[in-house]
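Naming follows writing order (A, B, C and D), and every chain is counted from residue 1.
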Amino acid sequence: MEFVSESIVRLYDTDAAGFIFSGAQFRFAHEALENFLEHVGLPIARTIRDRHVLFPVVHAEADYRAPLAVGDRLSIRVVVRALGDRSFSMGYRLLLADGREAGSVVTVHAAVAAASGASCPLPAEVRAAFGPYLQPEARQD
Amino acid sequence: MEFVSESIVRLYDTDAAGFIFSGAQFRFAHEALENFLEHVGLPIARTIRDRHVLFPVVHAEADYRAPLAVGDRLSIRVVVRALGDRSFSMGYRLLLADGREAGSVVTVHAAVAAASGASCPLPAEVRAAFGPYLQPEARQD
Amino acid sequence: MEFVSESIVRLYDTDAAGFIFSGAQFRFAHEALENFLEHVGLPIARTIRDRHVLFPVVHAEADYRAPLAVGDRLSIRVVVRALGDRSFSMGYRLLLADGREAGSVVTVHAAVAAASGASCPLPAEVRAAFGPYLQPEARQD
Amino acid sequence: MEFVSESIVRLYDTDAAGFIFSGAQFRFAHEALENFLEHVGLPIARTIRDRHVLFPVVHAEADYRAPLAVGDRLSIRVVVRALGDRSFSMGYRLLLADGREAGSVVTVHAAVAAASGASCPLPAEVRAAFGPYLQPEARQD
């Protein structure tokens, strides 16, 4: 399965070169991740409030294929690329209204016990919620 | 009339104190403004692309009444507070799901000829599009 | 007395209109505030870590007088505009290298007990540290 | 050679989990890049203003090794990882005051003719300015 999140490029996402600042693409991916987490019943507000297990990003990467300008509408296709014992990886493809891929993002998240800051096993509820979206073969670049 | 724009507080809007960074409230207001402009037929993408008349912010202010946390859903009520010869002012009220007002923003925009950078009259199409949303008496603070 | 903080406008502060996004001016002011707090011996890292009394912004406003472009160097002059029993107000003037004022910001901060979220008296150490920078008559707009 | 840029983690770089938002690390790298460009005589303000050849990011990646909190001081070590015919790659290592590496970033930039948006050869002045900082073997992850 695949989850789709919708976004619009805002003026504050762009810079004086006329297109989005490269770092803004990670903000789009993160917004899509929050929408995905809400969709699978694991809203980030609860994760942050509970402070039991957190999922910090340990690696992130992005490719940029087409310039994005203010007002562009994006469909962001979200998949789970890997579900490890203590980490998971997400993939995001940013598609323009005409179907062209404007860019893609990959993030790798570690499960970390909030109290100790130490690596810990991925909670079973995360594994269960993410499983249907696992697409290890998903091309992200 | 009043225009309503919906937003969700994202992790990147918050800071280590646990709530939104004060500057983020202006980003919410700006997002609502872009949605308003789209709604009244004056999408910001066209304004930026045409580079005929721009509407830079010359004054902005915000009040903060309730802390906003990640996941909070906001309804942002947008009105036009003033329509001058060469400027306009917008008001935004940020309402939480339970109806409480989390904060408010006011922005004042000057009409500026992009080519010269000089003040210029507000275009007639802006005046016509904004007119129905004019609420000079709107309490914003 | 007055404290001066130096900043440079970065590409990510600008937007597709070619100048800084209005909300970015509040980020400049906040950076200057953090430098001021460090200078007077009250580093924000300690305030956040101790979670004893926090100083959330309850009101903020900005005026914009000259467009700011990437690479512009700013001297931000910081004063204390008011020291109340349970709040304080800061003023910031953003000066370009040629002395022109590009804009100004005012922020009002409430003292809040972190545990309860309730208003509380301004700690004596804040009052002592801020006192020498009090300039109630400072013109900020 | 290596260029070193200094930064401080600000409150607006952090999120409600208590540490920097992952996307903020790309902003630190970009700030270091602007300081590097200034240092080698190619200030970004001129590049943006001339609109002759632009250098958009076509790939970016980051590793995160230690959580960064508000007030942390970073030394960002900048090297040129590759100088191609039509692109270049930069590497950034974010070091804490105690010498630990908090994270690293790699960015790949294409040379693009601003007028046409098409790929173009890397200008000779970029090649000359970047040459001394070329460290193809630099470990960035």
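Assume a residue touches a chain if its C-beta (ideal position, glycine included) is under 8 Å from a C-beta of that chain, and two chains touch if they have at least 3 such contacts.
All values reported here derive from a predicted model rather than from experimental measurement.
Colleague: Which chain lies the greatest distance away from chain B when centres are computed from Cα atoms alone?
Modeller: The most distant chain relative to chain B turns out to be D.
Colleague: Over half shared numbers or under half: where do the identical copies chain B and chain C land at their interface, same or different?
Modeller: same
Colleague: C-D versus A-D: which interface comes out with more C-beta contact pairs?
Modeller: Top pair by contacting C-beta pairs is A-D.
Colleague: As a quick test, compute the distance in whole Å between the mean CA positions of chain B and chain D.
Modeller: That pair's centroid distance is 33 Å.
Colleague: Between chain A and chain D, tell me the centre distance in angstrom, where each centre is the average of that chain's C-alpha atoms.
Modeller: About 23 Å, centre to centre.
Colleague: So the centre of each chain is just the mean of its C-alpha atoms; given that, what is the distance between chain C and chain D in Å?
Modeller: About 28 Å, centre to centre.
Colleague: Please set out, as single numbers or ranges, the residues of chain C touching at least two other chains.
Modeller: Touching at least two other chains: 11-12, 16-17, 19, 21, 23, 27, 30, 48, 69-70.
Colleague: Which residues of chain D touch chain C in the complex?
Modeller: So the residues of chain D in touch with chain C come to 8, 10-12, 27, 30-31, 34, 43-46, 48-49, 69-72.
Colleague: So in the complex, the part of chain A that touches chain D is made up of which residues?
Modeller: 16-17, 19, 21-24, 26-27, 30, 48, 54, 56-65, 67, 107, 117
Colleague: Note which residues of chain A are touching chain C in the complex, please.
Modeller: By the definition above, chain A touches chain C via 11-12, 14-19, 21, 23, 69-70.
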